[in-house]
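In what comes next, subunit A is part of two complexes: it sits with subunit B in the first one and with subunit C in the second one.
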Partner chain A sequence: MTTETAQRRASTAPLISARGVTVKFDVARTGKQMIALSNIDLDVMEGECVTVLGPSGCGKTTFMNVVAGLVKPTSGSVFIDGDEVSGPGPDRAVVFQDYALLPWRTVFDNVRFGLEMQKKLSDGDWRDRVQNAIDMVGLSGFESSYPRELSGGMQQRVGLARAFVAEPRILLMDEPLGAVDALTREVMRDEIGKLIAQTGKTVLFITHSIEEAILLGDRIVVFKSKPGEIKEIITTGIEGMGSERNAQNDERFHELREHLWSVLANEAAAASK
Partner chain B sequence: MTISSATGIIHIDPDRRPIKTSNTTWRIRLTLVILAFLLIWQAAVAWFKLIPSNFLPAPTEVSVAFGELVVNPNFWSALAFSLGNMAVGLAMAIGVGVFVGIALGLSPALRITVAPFLWLLYSTPKVALAPIFILALGLGSASKIGLVFLLAVFPVLLNTMEGTLTVSPSLVNAARVYGASRFSVGWKIIAPATLPFSLVGIQRAVALGFTGEILGEFLGGAGGIGHMLEYAAYKFLMDEALAIVFVMVIVSNLSLGLISIVRRKLAPWDTDQKGM
Partner chain C sequence: MTSFLATGPSLGGSRVGAWLAGLSLRSRILLISAEVVVMLALWQLVVGVFRWINPVFVPAPLSIFSGLGDILSSGAVAANAPASLQAWVVGFGLALVIAIPLGLLLGVSLPVDRIVGPIAWAIYATPSVAYQPLAKAWFGFGIGPVVFLVLVSAVFPIMFNLAAGIRTTNTSIISAAKVYGASKFRLYPAIYLPSTVPFLFAGLRQGVVLATIGMMVAELSGAAVGMGALIIRSTNTYQVGQAFAAIMLVVIFTISMVQVTTLVERWVAPWTRGAGK
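For the complex of A and B:
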């Protein structure tokens, strides 16, 4: 990060602030309560990319849904710029693991969906904004294709464009590359890194890939399961985003990867006992 | 394709591609099969006299009867009677089926209270209820419309309910993230996601509704091509009877074809077309 953004961060309050977020679900079958998240405290600064890493079922997606306003916490609160979250809002957009594209809409109409729901289609320049977002994710020429005609990677590009075009302050990404094939996954990870760096968005990036967590995050939040709690928060301390990091900071990258592997392996062993 | 990741193995199934045969090849083959079938039939009845022709007339006799049928004004009024009843019964079945299907899909409370009765009625052989319809609604159009409705409403209703129930929660979440109202979620997500399911149900309803109409005409009254068929069989005019059966096949296929076109127009994204 540049010194300028570092100064801005130092002088401002966190953009996202989670305080004691606890989520319990009623399990109908057993009649018991399941604790998905227990007492999560986390601050995310403006312009920061925080990756959330953890095994399946550790509550990381639930945490993102709380920040998105889709799930109400049983206790605790999330504050965006000091205001308590009570539901979804135009300051946040979500990129979903399963893309969540509307199969009956073309790429162009999918990308404009957010603007349409936010009633921004009266803005004169919305067509240009949609087109710019499509160009930005590299889908020029596919405007009138339907999602089923696109590969998984391309479908997620549509998902990214739909999120970016709404111009949110915060991007919430829920394992956006989880359903994409391995090669595309690496290419898109680096592209997402570039997009985040270019646009300077504040990002909460949920993943179960250690590489993604290191290569995209300014900080890595490691979750543990049963109940979902924060196990560790690590500052990566590497400049740049995506594959740049891998090449330029070999030593730190490998150090982090080894550390995270052992943490997650212990977690997995504990969970399977 | 299989991908290993930190937390498990993901399987990605490749698209199942249908066997591709060009339309013309397919048509030529189909025509040949039908011609061979007609030839064997003709040979068995007219040339080798394996079957008495007053039980099963040869294709040539049936086609002569068909030619007489299409110039008979009584036939056309009978056809209009049948199709009219069918249209009214289907329209009611579609209206009620879609409305109740959506309501059941959206409301768990309704599903728990109403669904058992629906399943009970659905599992009843509805044909067994036909005499009750004739008794209650008389020998005219009303009893036929009632039977068409009874047979046609279930596929529409159940398919619509399934469509509403299987709307992907992440599509609803995607809409909520951008601040969609409940109305917008219903109109822009649930309705289009349910449409292909309802259309499949409607396609089934058309086939079943036609059965209901013919059945109703068999059981009573004096109108419609079902009645005409029954009368021809009663008079032992098997050539005319088979010609009417042939008309029914045409009507059934034309209406199914029409719905297929409607499905492609209204739901072009639904390429797997969910079978019949």
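For the complex of A and C:
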């Protein structure tokens, strides 16, 4: 942990840098424009895990899609290591809320999908890499299962393996545990925390769970809705990740949770008016 | 026959449902056989023994079976089935050749959908009987009109299902493919085509059934040979048992073709097999 923290502090230029990102959608039914994101500025350092917290419809997923290169901002830009994002790239991988697995592919073939599309199957060791990723997320023995034969939690493990095997610098996670049952959610949250810590990836983690935001994030970015803007950015200041944070005994955890509750409750009340 | 017994949302809830869902394949076949035997026995009693219904309108099962023996031994089936089979196979084959590329185009391209779509729906919505007189004028009295009606009946369900499959491709799967580096061109073979396969087979199953109906419509109105001609001739000479036997053969053929389609689907697309959840 200490060497990683040192590495984080050593790099001064941000890996992800959002400048004035604004996204407007035309709403065909009403003919009006909807402002999904307004003037977002955010820097994420290499090796940092930033959690994005906000009520439904605050634009946090849109923001992730802009970073992923799936949505073009109406104005403003996102830079990865200084290069402006113009579309998806092998430096970024996404874990989707609804898993987005290919139902016609087995677990093994789903995990290798990224390597296949990026034409990395000529690398001699790709089979080992795919197998390692499957082992890493705890799916050994399910290589030839189809997604429909797996539980939601297991399907998301496939989604994680598919992201890790592509060896991106940045992992974008769009409420990855949003569709998973409560118990699995806690177990997987801790596992994701460990994986992030082990691999030292830079992570943008979208969530509406306060616990996830605190337990996984080095910093928490709180979004407000109508229009989607950054309300505040909080440094958690807790070492470790997931269960390593031993959250229940940590005073800082309770302090953060209480604070975020009151912020989000106000936001939710404002959004429903 | 297994697809008739596949578990669905309504099964497994009640005690009977749970019992049915838990049966082995062998027990299920046995159950269906028993059901058929009981039905046939009742039918035989009502028509053959008690004569509550005039057997000229609905023949008893035993007279259908003797009719089946008659048309098999007299060579009537051997004389008529090949013509029907040929028309069916050629018509269905042509339907595939037309429906698959057109269905893909319809699903992929909004302009094609807007321009060709309404015309195709109009032809599809026209009852196939209405084409029969025209088909005769166009294709004469041989196999031509039968092939045409099989084609017209089968082509649209295949085409529209295929197009719907492409248009309803899961958007987050498309996003995932883009994120992991799929070019716009590669999305077609990698994402759109495989995800439309279950729709294609749903269309094929409908196409099989409608193809037979088209075939019957063409053959019943004055074809010289074919199972439809055999049915008409038998009915006109009050050989109702033989007519029903011929109908039964057509039904068995159609169900077999639906089953063949399902088997091909399981082989081509094993992921659609109803396993687990």
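Just so we're on the same page, the second predicted complex is superposed on the first by the 259 of 273 C-alpha atoms of A that agree within 3 Å, B and C clash if a C-alpha of one lies under 4 Å from a C-alpha of the other, contacts with A are read in each partner's own complex, and residues count from 1 in each chain.
Criterion: a contact is a pair of C-beta atoms (placed from the backbone, for glycine too) under 8 Å apart; a residue touches a chain by one contact, two chains touch by 3 or more.
A quick note: this is a predicted structure, and the numbers were derived from the prediction, not measured.
S.K.: With the two complexes overlaid on their shared chain, look at subunit A and say whether subunit B and subunit C clash or fit.
M.R.: Pair status: clash.
S.K.: Figure out whether A:T184 sits in contact with subunit B (first) or subunit C (second), or with both, or with neither.
M.R.: A:T184 contacts neither subunit B nor subunit C.
S.K.: Examine A:M117 and indicate which partner it touches, taking first as subunit B and second as subunit C; both and neither are also allowed.
M.R.: both
S.K.: Is A:S209 touching the first partner subunit B, the second partner subunit C, both, or neither of them?
M.R.: first
S.K.: Could you say whether A:L264 touches subunit B, subunit C, both of them, or neither, answering first, second, both or neither?
M.R.: first
S.K.: Touch test for A:N39: subunit B only (first), subunit C only (second), both, or neither?
M.R.: neither
S.K.: Touch check for A:P55: first (subunit B), second (subunit C), both, or neither?
M.R.: First partner only, subunit B.
S.K.: Show which residues of subunit A both subunit B and subunit C reach, each in its own complex.
M.R.: Subunit A residues touching both partners: 65, 68-70, 88-90, 92-94, 96-98, 100, 102-104, 113-114, 117-118, 146-148, 166.
S.K.: Under the stated contact criterion, what part of subunit B meets subunit A in this complex?
M.R.: Of all residues in subunit B, those touching subunit A are 1, 3, 5-8, 10, 12, 168, 170-171, 173-180, 184, 188-189, 192-193, 195, 267-271.
S.K.: Which residues of subunit A touch subunit B in the complex?
M.R.: 55-56, 65, 68-70, 88-90, 92-94, 96-98, 100, 102-104, 113-114, 116-118, 146-148, 152, 166, 178-179, 181-182, 208-210, 264
S.K.: With touch defined as at the start, can you tell me which subunit A residues reach subunit C in the complex?
M.R.: 65, 68-70, 87-90, 92-94, 96-98, 100-105, 113-114, 117-118, 146-149, 162, 166
S.K.: Over in the complex, which subunit C residues touch subunit A? Could you list them?
M.R.: It comes out as residues 170, 172-173, 175-182, 186, 190-191, 194-195, 197, 269-271, 275-277.
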